[in-house]
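In the two complexes below, chain A is the common chain; its partner is chain B in one and chain C in the other.
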Partner chain A sequence: MTALGANWRKGRALFVHAFASMTEYRAEIVIWMISGSLPLVMMAMWIGLAADGPVGGYGAADFAAYFLVVFLVRQLTVVWVIWELDREIRLGELSPKLLRPIDPLWGHVADNLAEKAVRLPLVLVPVVAGLWWAGARLPLTFESLAGFGLLVMGAWVIKFFQQYATGLLTFWTDQAVGLERVWFSVSMVLSGALAPLDLFPEAVRGVLPYTPFPYLVDVPVQALLGRLGGAELLQAFAVQGAWGLAFVVGSRWMWRHGIRRYGAVGA
Partner chain B sequence: MRRYLRIWRIFFTHSLIQDLEYRLNWWLNAFNTLLFLGSSALVLWVVFTQADAIGGWTFDQALTLLGVYLLIEGVTVVFLVPNLNRVPQYVRKGELDYLLLKPIAARFIVSTRYASVWWVPQLGLALAVILVGMARQGTLTAGHLGLLALMLVAAIGTLYAVWFALTTTAFWFVKVDNVSELFTAFFAAGRFPVSAYPGWVRALLTFVVPVAFLTTVPAEAAAGTLTWGWALAAVGVAALLLALSQALWRYALANYTSASS
Partner chain C sequence: MRWRPRASLGDVIRVDGLRKVYRVHEKEAGLRGSIRAFVDRRYRDVVAVDDVTFGVAPGEVVGFLGPNGAGKTTTLKVLSGLLHPSGGTVRVAGFEPRRREGAFLRGITLVMGQKQQLSWDLAAVDSFLVNQAVYEIPDAVYRERLGELTEMLSLDGLLRKQVRKLSLGERMKCELAAALLHRPDVLFLDEPTIGLDVTMQQQVRRFVADYNARHGATVVLTSHYMADVTALARRILVIDHGRLVFDGDLSALVEARAPEKRLRLSLSERVDRADLAALGRVHAAEGLEIELGVPRADVARVAAAALARLPVVDVAIEDVPVEDIVADLFAQGRAARAADAVRAAHEAGAAAGGRG
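Showing the complex of A and B:
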């Protein structure tokens, strides 16, 4: 059997297992969905502001479209791997996983993707209903859909490996979760989840494209809303890809160095 | 009453000693609260570059409201979460049996045993924001401060009653660990005055989930725009919900059939 075939079989086994256990968590997934509804609160506030006419070029329906797609993007890129790593490393639960002939990374990836497969239909229903109700129409072209799909995957890669890297800090300190909270606070605002980034003051807007934050929410959203041209899409892929690669390489490097310090508590 | 105060002090000191083991956490949380404040202020700034007011509130009034939001959230994280999140576990594992045997009210232990002292910096910072906001509005007088304090007590009473009642449903549903997630989702709407939202959302936040009484009403007290009708309503709602939550708790205890025996 070829190496590729073996890997395919391993990946499929991991995914099927993860999918089976995630379907058990349907009710929890709905609650986790609701807990990510802050963008919808912001939507209500902005729609209230736009009641007397457009605000910064956005009318009520534009705000509805923007924040409903923000909600969708954040739901499709939800990552919680830091809580798993924090627990596994501190309590020594990582030990049995190290005995398996496969990197623990892949188990986490399979869990996350399987959860997305369960979550996607649950998320699409309220988003599509909301868009229809608010009278917001998306210009669904091949370009906007393909661009959106790729940018959401890229956003997931950045978020997953950023959190994986932060989680691996548990090898050195027990404050990794606190650091993740700091990252979360900053990225909530700077990713555009609370206000469209083109409404930000000039000084902030000039710096943002050099940070990974806009590529987590705002850029994929603008792609689906059809506001990015071909050249802008290509540039977004390039910058987002570079950040994704940096976090992948960084977290792999941390894994190699951190695992040597692993104390295997409880083993 | 004095006995309960003394016991509460012992509980708190115990939590303090435990949390002092993790001093770095204290600083991280303080830093994180500062960041949260900075980012919320940035959002407010973005909003106010586009509009002169949100729901008829000026920047200073909205800033004071943000302080109230931070304070209520801080009280939740320091005093409510560490206690009430344990209730489902007490019921599931039958640990409640031991608490019921103690010679003080079980509801008191369940509600006060733990405190997350790490997050105390948030309370101080929130108070500072409120005071700065009031000073900028020119409403920093004893009268306004007194009414604000009363409305904050009512807000915390309302919040505690609702959360406690939701947690008490653990006696029947067992798996209610996610109550705090749901609460956080709805409470997020409290960072803006309810008048900022479209009509039906405003009605929802006032009459269904009483978020209006948690942040908008106290912030109006600080701004000196609160009417006596709303002040009375806030106290009445708090008293009513506390009484209802107590009735539910007693009903739950009467039907409790221990998991351990």
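Showing the complex of A and C:
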């Protein structure tokens, strides 16, 4: 068995196992999905504001399209690994995973991807129906679709490894979850989940592209709406990739140092 | 007390001066305690394992005994790489466990008597298949091993049931199977029979003995059920308050700690207590059932004397139960520590008195 073949088999086994677990949680996934519907509430609000004429260039249909795609992007990049790490480290549930000759990271990745596989069909239905109902038309060129796909993956990488790194702080403190809540609030605003970043003050818009936040929501959304040119897409890939890499490297570093402090509590 | 030589070169497990200190965060109870802990965190060091040295030869089965909190589980967690030692060196099959290298992890297993690696929402086989891939076990080998484990542990009908619907004992057997699919050479078993009924305990014991015999695996096990230890391990390590207080053959422990044998007599009528005391130490005398403690060397003579002088209906000569010996060992440790504490308090008091 080649190393590549063995790794493929491991990945597949983890995914199959995670998928089987996730199908046991179908009902919960629907509830989580509904709990992520804040963008739809924002959509209703902005459509109301745009009733008497466009706001900052966005008409009612534009807001509908923007927030429906925001909803889609957020659903595709939902991450909860911090709760898993917090529990595993505090309660010693990490122990059985540490005994296996595979980094526990891969189990979490498999869980997240399997959950996406269960969630995706559930999410697409309301999004497509909503877009059709609002009369929003997406360009759906190769460029917009490919750009969107890659940017969503990049957004997932940033969110996943940012949460992974924050979760690993549990090796040092039990306040990691609190820190995550702060990050979450900031990123809700600065990622464009509550309002398109176009509508933000000029000063903020100047700084945002250097932060990871726009690449989590606004940039992928704009890509699918066909509002980004080739050069803008490339630039977005570069900055997003750099942030993704930073979080990957950071979380690996924290794992190496934190694991020494693991208490392995329990029985 | 007879000590084995320190770790020798051929040993698969070598532990030298192992020390593990936990840093625990002290918090007083109640809201005030919480608030105080928030502004001023206090830590205390708990020495769980202190300067422990031993070696285990390949294929050996070693029983780890000690009262609650002695440091047994901590030692096993260090040996399996879950905990980084605070001091000393540890080698298992030539590896430093804390590095958790793939080749090391593929050669060991740790079973603890609680919720472990099986996913509760799925059937045990679903988790087995993950292990098959993770440990890179070829299909044919996997099928053969699963067959063997199914037979040895009577797993028929359990593997396809949702794990959360299994009974404690059934789950424990599935956990054991999951932990051994990769056929490790070194087994760390932490109270593998806890909570199981007598039949299931025997089955697990027999399984461990079989596994050891078939595959020549090295086994280190802890248990509070003395039967686990006496049935499986010829050699025992006794740990108390983090320190190794005995390392040697079980029989040597019995001889060293129990120079007596028990002479059990059933009498047909009551006799004078003085007549009994003349024969040996009266351990118990309930009605007509008498238990005497007699030095090993004198057993035959005393038994003969008893038969000659007393109205004996039945006689039996037994070893002191291992439980009693070990309990005695722990009690001695406690007494010694208590004496130390009293002496220390005394000295502190004297010093304070001298100053005042």
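Following the convention adopted for this analysis, the second predicted complex is superposed on the first by the 266 of 267 C-alpha atoms of A that agree within 3 Å, B and C clash if a C-alpha of one lies under 4 Å from a C-alpha of the other, contacts with A are read in each partner's own complex, and residues count from 1 in each chain.
Definition applied: a residue touches a chain if its C-beta (ideal position, glycine included) is under 8 Å from a C-beta of that chain, and two chains touch if they have at least 3 such contacts.
Small disclaimer: the values here were computed from a predicted structure and weren't measured.
With both complexes placed on chain A, chain A has more residues touched by B than by the other of chain B and chain C.
Touch criterion not met for A:Thr211: it reaches neither chain B nor chain C.
In the superposition on chain A, contact of A:Glu24 is made with chain C only, not with chain B.
By the touch criterion defined above, A:Gln235 reaches neither chain B nor chain C. After overlaying the two complexes on the shared chain, residue contacts for A:Pro96 are found with chain C alone; chain B is out of touch. In the overlay built on the shared chain, the residue A:Arg12 is in contact with chain C alone; chain B does not reach it. Only residues 22, 73, 77, 80-84, 98, 100, 102, 105-106, 108-110, 112-114, 116-117, 119, 121-122, 126-127, 129-136, 138, 190-191 of chain C touch chain A when the two sit together in their complex.
Every residue of chain B that touches chain A in the complex is listed here, in rising order: 22, 24-25, 28-29, 31-32, 35-36, 39, 42-43, 45-47, 49-51, 54-55, 178, 181-182, 184-185, 188-189, 191-192, 196-198, 201. Of all residues in chain A, those touching chain B in their complex are 28, 31-32, 34-38, 41, 44-45, 47-49, 51, 55-56, 174-175, 178-179, 181-182, 185-186, 188-190, 194-195, 199-201, 204. Note for the complex: chain A touches chain C at residues 1, 6, 9-10, 12-14, 16-17, 20-21, 24-25, 95-102, 260, 262-264, 266-267.
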